[in-house]
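Across the two complexes that follow, chain A remains constant while its partner is chain B and subsequently chain C.
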Partner chain A sequence: MPSPRPPYDVVVVGLGLAGLTAALAAASRGARVLALGKGYGTTHFRSGTIDVLGYLEGGAVRSPRPALSALAAARPEHPYARLGGRVEEALSFLRDAARGGGVELQGGLDEAQLVATTAGTLRPTCLAPTSLLGAWDGARVLAVGLQGFRDFDPELFAATLPPVAARLGLEVAVRPARLSLAPLLRRHLDGLGLARLLDRPAFRHQLAEALRPLARGCTLVALPAVLGLEAATAAALATELGPAVELPTLPPSVPGIRLQRALERALRERGGRVQVGAEVRLECAAGRARALELEAAGRRLRMPLRSVVLATGGMASGGLRLEPSGAVVEPAADLPVAQPPGPPGRWFRERFLGSCDQAIDLAGVRADACMRPLDAEGRVVIENLFVAGGLLAGAERSLERSADGIACASGYVAGLEAAAVEATA
Partner chain B sequence: MTGVPLLDEVALSADRCIKCNVCNTVCPVMPATDLFPGPKYCGPQAQRYRLAGPEEAWVDYCNGCGACTRACPSGVRVAELNARARAEIVARGGLPLRNRLLGRSELLGRLGSPLAPLANLGLRRPESRALADRLLGIHRAAPLPAFSRVSFRERFRRLPRPAAPRTTVAYFHGCSTNFYEPRVGEAAVRLLERCGVAVELPRQHCCGLPLISNGEFAAARRYAERTLRELLPAVRAGLPIVATSTSCSYTLKAEYREVLGMWTPETAELAAATYDLFEFLRERVWAGALEAPRGELRRRVLYHPPCQLRSHGVGVPAADFLAALEGIELAESGVECCGIGGTYGMKSEKYAVAQRIGRAVAERAREHGAEVVACDSETCRWQIQHLTGLPARHPVELLWEAVGSAGAAP
Partner chain C sequence: MTRSYDVVVVGGGATGTGLVRDLAMRGLRCLLVEQGDLCHGTTGRFHGLLHSGARYVVRDPLSARECIAENRVLRRIAAACVEDTGGLFCWLEGDPEDYPERFLAGCREAGIPAEEIALSRTREPLLSPRLRRAFAVPDATIQPFDLAAANVRSAEAYGATVHRYHRLVGVATRSGRVCGVEVEDVRGGERERIEAGLLASAAGAWAGRVAVLAGVELPMSPGWGIMLVLNQRLCRAVVNRCRPPSDGDIVVPVGTVCIAGTTSRTLDTLDRYETSREEVDLVLTASAEMIPAVREARVLRVYAGARPLYDPGADRAASRALTRAHTVIDHARDGVEGFVSVVGGKLTTYRLMAEDAADLACRKLGVEAPCRTATEPLPGSEPGRHYWLGKRLEANEREREGADADLVCECELIPRRMLERFLESSPDADLEDLLRGLRLGMGPCQGAFCSLRAAGLLQRLRPRAGLEALSPLVAFLEERAKGNRPVLRDDQARQHRLNEIIYREVLALDHALAPPAV
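Now for the complex of A and B:
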């Protein structure tokens, strides 16, 4: 029997923030990396910011560092209880990787950043791309709606933001404006089309020229987050126009795509490969992940494995599945899943969004400090498999605004650990 | 009217669309023209109304690259839905002669090859190209191949066979290897021989892909039936079907079923037995049954994986073999699509769109300082050659260039 030869040192399953961070971390240790996923997802839906911990016990977190320690101490089952010490290192790694791909992320654990939304609210985040950050306090803002683009209403924004800001002790005045430019009068106009238009210097110039008279007396121009798929576009517009800020819109999220592309580019530059459109299952035996079964055209492909990172996401991404029987399962490797607390009837609250918890969110895979999956008795079940991101049990990501920090820190640790797995005969 | 089942898994996948627009973010056509509003609008969104009314003509601007299907996080078969919608238009409204011609690459090959010098002269002369542009709608500057005087099948007889083969495969060469680029088949057979693999050449005809992408489903189905008749005996004798054109092999693996809707045990049997050449060799390397062939290639190479290969879901096996060569300066293009879309970029009204899409490949080649571009599908190679002015070769040609000169393996 010939011995199988794993073609990659580390295979990462999942192309969201956790998967990309894991792949980058493994590649940074010289590992040959393949990152694959069934499609693009969360990065294209989220706003390109890195939320580490936005709310704790219902209150906004002003300084993430002490809040992280408090959370880790109070909730031993929370992923941050195992990752807490690595979060800062992971964020700094991510910041460098994103910079390598052209996206500058600002901020850190000392002070939360505030990002304005198209609805005119201000929400806390930890790292944000430069173009999403504005000098809000004392600002006189021109909020610009673009003809034909329905996802941003400058009047709504102008009515909402000043009182919201006042509650945070910030003084903001907003003047709404609508702009109609010939290239915008097209049949189909979404954020993506706008971003592509703005990547063209000629249109960028036309927009800046049209905005300049309107922006007289303003300190900041707020536009929907469509300032280019290219990382340099927003800065180029600001050079022509003066300070500008992007407001994240509905998916597809242009800043989210920029971050994803920056990370993917950085990964390719480190020799990593990316494969989109692959559903996988893992073949595990005797405590090891032996092979990856890829759903390829016409048949299943069996790829021998050395080590693997599973970053397939939570319930919404298909990384976890709720069976009709009422059990939450992990379909790719049948990992043990910590079930939500209480009877299934109590797993869901009537309000999908809002300030109450959904117990279902707590379900997931439990992991040790190396991000190896654990069974109910706390034993490592598979030696060369690591989990990251939405799969991890114990977090209420939407309440805490913690999804990105967990993804980044767990991805970072999982990627480094996976790269350190020794080849076996 | 297209003979496609109304409610198969591909059609039903439209219901999984959550309108997240991820497909639109990867579509290479959308940024290149306003005539195509994007795979989401044409595919899952328009699909809801398709039973009732006429198709929107814009779907014809899809170039079939399949990026949308691969990127969809919800498993919607966007590209397949669009291909079927195009066929619906064709079935109702007919098809220009131009598309009927372009759909029949094998017929063109059979007519052109015996007259190769004359036919090639016609293909090169600006006067005849201008005429074809005006009369047929084949763009005068579009990249077209030159006919080969001697077909691959004729050359095959003279190629070496391994003395003690470890295994045997059946080779599916496709139309372009047979009529335009026999050197691709020749390199493949020689490389396989060097790897201890004997090659059989079953009787074969066009797989039907150009008909599928031009929306002629009835004719495509006849081609598919013929291909099944011709290849299944080899499959049932235990031979893998190995192909060098990743477009033809994807048709055998997936499109008979997922686009034409031929969900039969026979198409499943053929799909499961079909391999891209490098996928086949790589699987043997992974299993420990083959040493990757070694050789030296002191050239700067840009590798562009064709869209159809990406849809195979097997990664980029050719790049794995190229990367193992000594002295090679290899870069992968990282570009979604070269634009050609089979015969799409040859059409007068779509030529400019295809050129705009492909520009990124040319930029990437320049950045890398490439001397040659490697790509596994024929029409992509012709397009890339046209875009870059560089020679575009099938990876097996480069690999054989490196390995062949290295002498016999132990």
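Now for the complex of A and C:
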């Protein structure tokens, strides 16, 4: 019996940064695209920045471009070695797509940017939304904790930021303050609740009015990163209040959700479809991905495939799983997984915050320059399947701070390649 | 001026805190020194079982009799620290044929009420389908930190002084008699000489080290056992295997989780125990024989405790075979007057150990006051109500804080005010004390969310300057991760990666304390 015709040119599995970038890239070539996933990716845990390469050999990367070349040259198994020159093109594609969805990402590969966090640390990143960037050098900062919000204590931030900044040659003074407003005195005030509250002009105005006298003499007001689910909210607050900056904190990440929503909006505008809540398995035979089996809304569905991008994520998202037996597996398509080197007892670094390598980071799916999965001998295992993001082997994301850059570049390449797959008879 | 006490007690576990309470109640001026926090040693690293004694009836009847007697005492005097879970002994298809009858005979002999119950009446739906016989015994669980803290509160009310984070570094003798000690403040580094009429060591597995300072040899034989924390409470009662004690034959429900234990290895080390994956698998396999759902649960962490076994005979082959009964030693036999040690034993009999040691100390000091610890309830236990799982929820609701309002730790239901009160009542507490005292960070997420929040709260109440403000947070994260590493797999590996994303990739704490090399 002949298979029914595939309803989409490209199906993308995974709704994180890699999956959405892949879907957008495929849609930009005119492909009919469906992006689906079990849930959203780690965009909701991260801070809405695009970390391309934050640290190399223990040192903070000041200029990502040469550091990327050095990394690619030194580590041929690294995804950046495969993706090579396409990182910049992918970042610029992502920046345009995010702008289309309402989020302005600043920066590029020339110079790293600094983002301050609620812990009072400053970390390097490559692209960041405007609201996370502040003029730190010489700043007199008012750090504002909001009554009822658990995930930011301005006293901790005020103690740590000045010495952290001084180490980088920046002079920063911080004054902590706490603000209690009537709408804040209610239960369940998490980041999302606060963000929704701030999307309302009336509350935003009330907050700005309350902050203005406190901020006198300050050059920057630092708030936890909850300034609205709408991309325009942070800018609107800054218009009323003066320079303000958001500090990333615990999940759920409001800036991460903003970025994810912007990309999803851009994808829909380009005709892509998005489906959340679908658990997926791939049916592969004779070197081709034939169909997708998905279980959603209580029923099973089988969808024939023309090409597919697998962007199900790494260990945190469930795209890779460490089985009790000690094997790392890829559960959606059973792709060959490069196992961590060394004995299992040594796969995790001894100190959680330590700076040594961690074997488990290296596990994942190896891919060629087109992002097709490879077996142990380096042969392409499936012709019309492309992998992207956290699944990819060979990167030490917890050291390098490369997760977003890899997701973006591999998603971009995988999406374009998937769109280029010819329909088969 | 030199401080002077009748008795200096070493060791802030159950026995030491029980001993200092006992002595203080008898009117002696006492000082307790503990090198870490309370329960820093074995007391904080056991499985939580308040023995009925049934585990010992076949092999160690003396221990069994002591256990059931103390079980009854502790249900009274430490009611608030005890959860009356009951215990079950499970005899599975294929287990030794003759064991149940020997077990029942032993229980009768020791005076432990043991009753065979119909399999349909176990109230344990997750027990193995291979279960053939089940015996109910009065096992219970006990919260070691609450117990030690209550003993300290009572001792202080009777005039005793307790120094945590103080290590004994020297013992002064004059003509063969202990006359004083030297202690070091572990955190500040200062040393102090203190006059003492008597030195009483309740240092458990560390007793040999204390003895050496007094010039005495005390051959201890630490018996290490590992315990796994599973993310769910898979049983109501303490579930034991009805066969001769062996590895992985007990699952203890504690709070919202349960503890599967244990193993038994005799090792000379006291400071560091490397758990192997094989050992973890051994315990998982054995406990899954009793409760197959163990396989489905997440292993949150593993910890190891050193049983303070006293080994006069130097038989190091099988630590489980050594008696679990305790010994009180008057070191006059070794030529040092004014020095006693209490060794061996187990948490269930801590009060009896303290009583025996206090009796000897009093005899030596010529004090005639009787022991009252078997009858006078510990602070907080006066109403005689036991701990129960919903206790925190009930308290939160009563205080109108709501079950989920302003919770710093969602897993363990700890509202901000509870943390503030704890920090106010123990001025030198850090985040790890919050862990032991309130179970902060002990639930399924292992501190992913509460660590940062608690660190912020700590900084607000106890400001530290500059980067020091981050050091409690960093230490807490490292401590949590330490117990995780040997059991990272499946969902717990996933949780670990999430924690990395939060604390390394989002908050960049890995570069906060050490300046990055450029």
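FYI, the second predicted complex is superposed on the first by the 417 of 425 C-alpha atoms of A that agree within 3 Å, B and C clash if a C-alpha of one lies under 4 Å from a C-alpha of the other, contacts with A are read in each partner's own complex, and residues count from 1 in each chain.
In the analysis below, a residue touches a chain if its C-beta (ideal position, glycine included) is under 8 Å from a C-beta of that chain, and two chains touch if they have at least 3 such contacts.
Note that the structure is a prediction, hence the values are computed from the model and not measured.
Upon superposition of the two complexes on chain A, no clash is found between chain B and chain C, which fit side by side. By the touch criterion defined above, A:45 lies against chain B and chain C together after alignment on the C-alpha atoms of chain A. Contacts of A:257 after superposition on the shared chain: chain B is touched, whereas chain C is not.
When the shared chain is aligned, chain B comes close enough to touch A:304, but chain C does not. Touch criterion met: A:248 reaches chain C, while chain B stays clear of it.
Of the two partner chains placed around the shared chain by superposition, neither chain B nor chain C is touched by A:366.
In the overlay built on the shared chain, the residue A:196 is in contact with chain B alone; chain C does not reach it.
Residue contacts after overlaying the shared chain place A:118 against chain C, while chain B stays out of touching range. Remark: in the superposition on chain A the angle formed at chain A by the CA centres of chain B and chain C amounts to 90 degrees, rounded in steps of 10. When both complexes are overlaid on chain A, the residue A:34 reaches chain B alone and has no touch with chain C.
When the two complexes are superposed, the chain touching more residues of chain A, out of chain B and chain C, is C. Fitting both structures onto chain A leaves chain B and chain C with a minimum C-alpha separation of 6 Å.
Touched by chain B in one complex and by chain C in the other are residues 45, 187-188, 251 of chain A. Contacts from chain C toward chain A in the complex involve residues 276-277, 402, 404-408, 416, 448-449, 452-453, 455-457, 459-460, 463-470, 473-474, 477-478, 480-481, 485-486, 488-490, 493-494, 496-512, 514-518.
Across the complex, chain B is touched by residues 2-5, 7, 34, 38-41, 44-45, 186-188, 190, 192-193, 196, 251-252, 257, 265, 268, 273, 275-278, 294-299, 301-304, 317 of chain A.
Chain contact summary for the complex, chain B toward chain A: residues 20-22, 24-26, 30-31, 34, 37-38, 41, 69-75, 250, 252-254, 271-272, 274, 282-283, 285-289, 310-316, 320, 332, 334. Per the touch definition, chain A reaches chain C in the complex via residues 42, 45-47, 51, 55, 57-60, 117-123, 148, 150-153, 155-156, 159-160, 162-164, 167, 187-188, 248-251, 253, 314-316, 318, 321-324, 326, 344-345, 347-348, 350-355, 360, 397-398, 401, 403.
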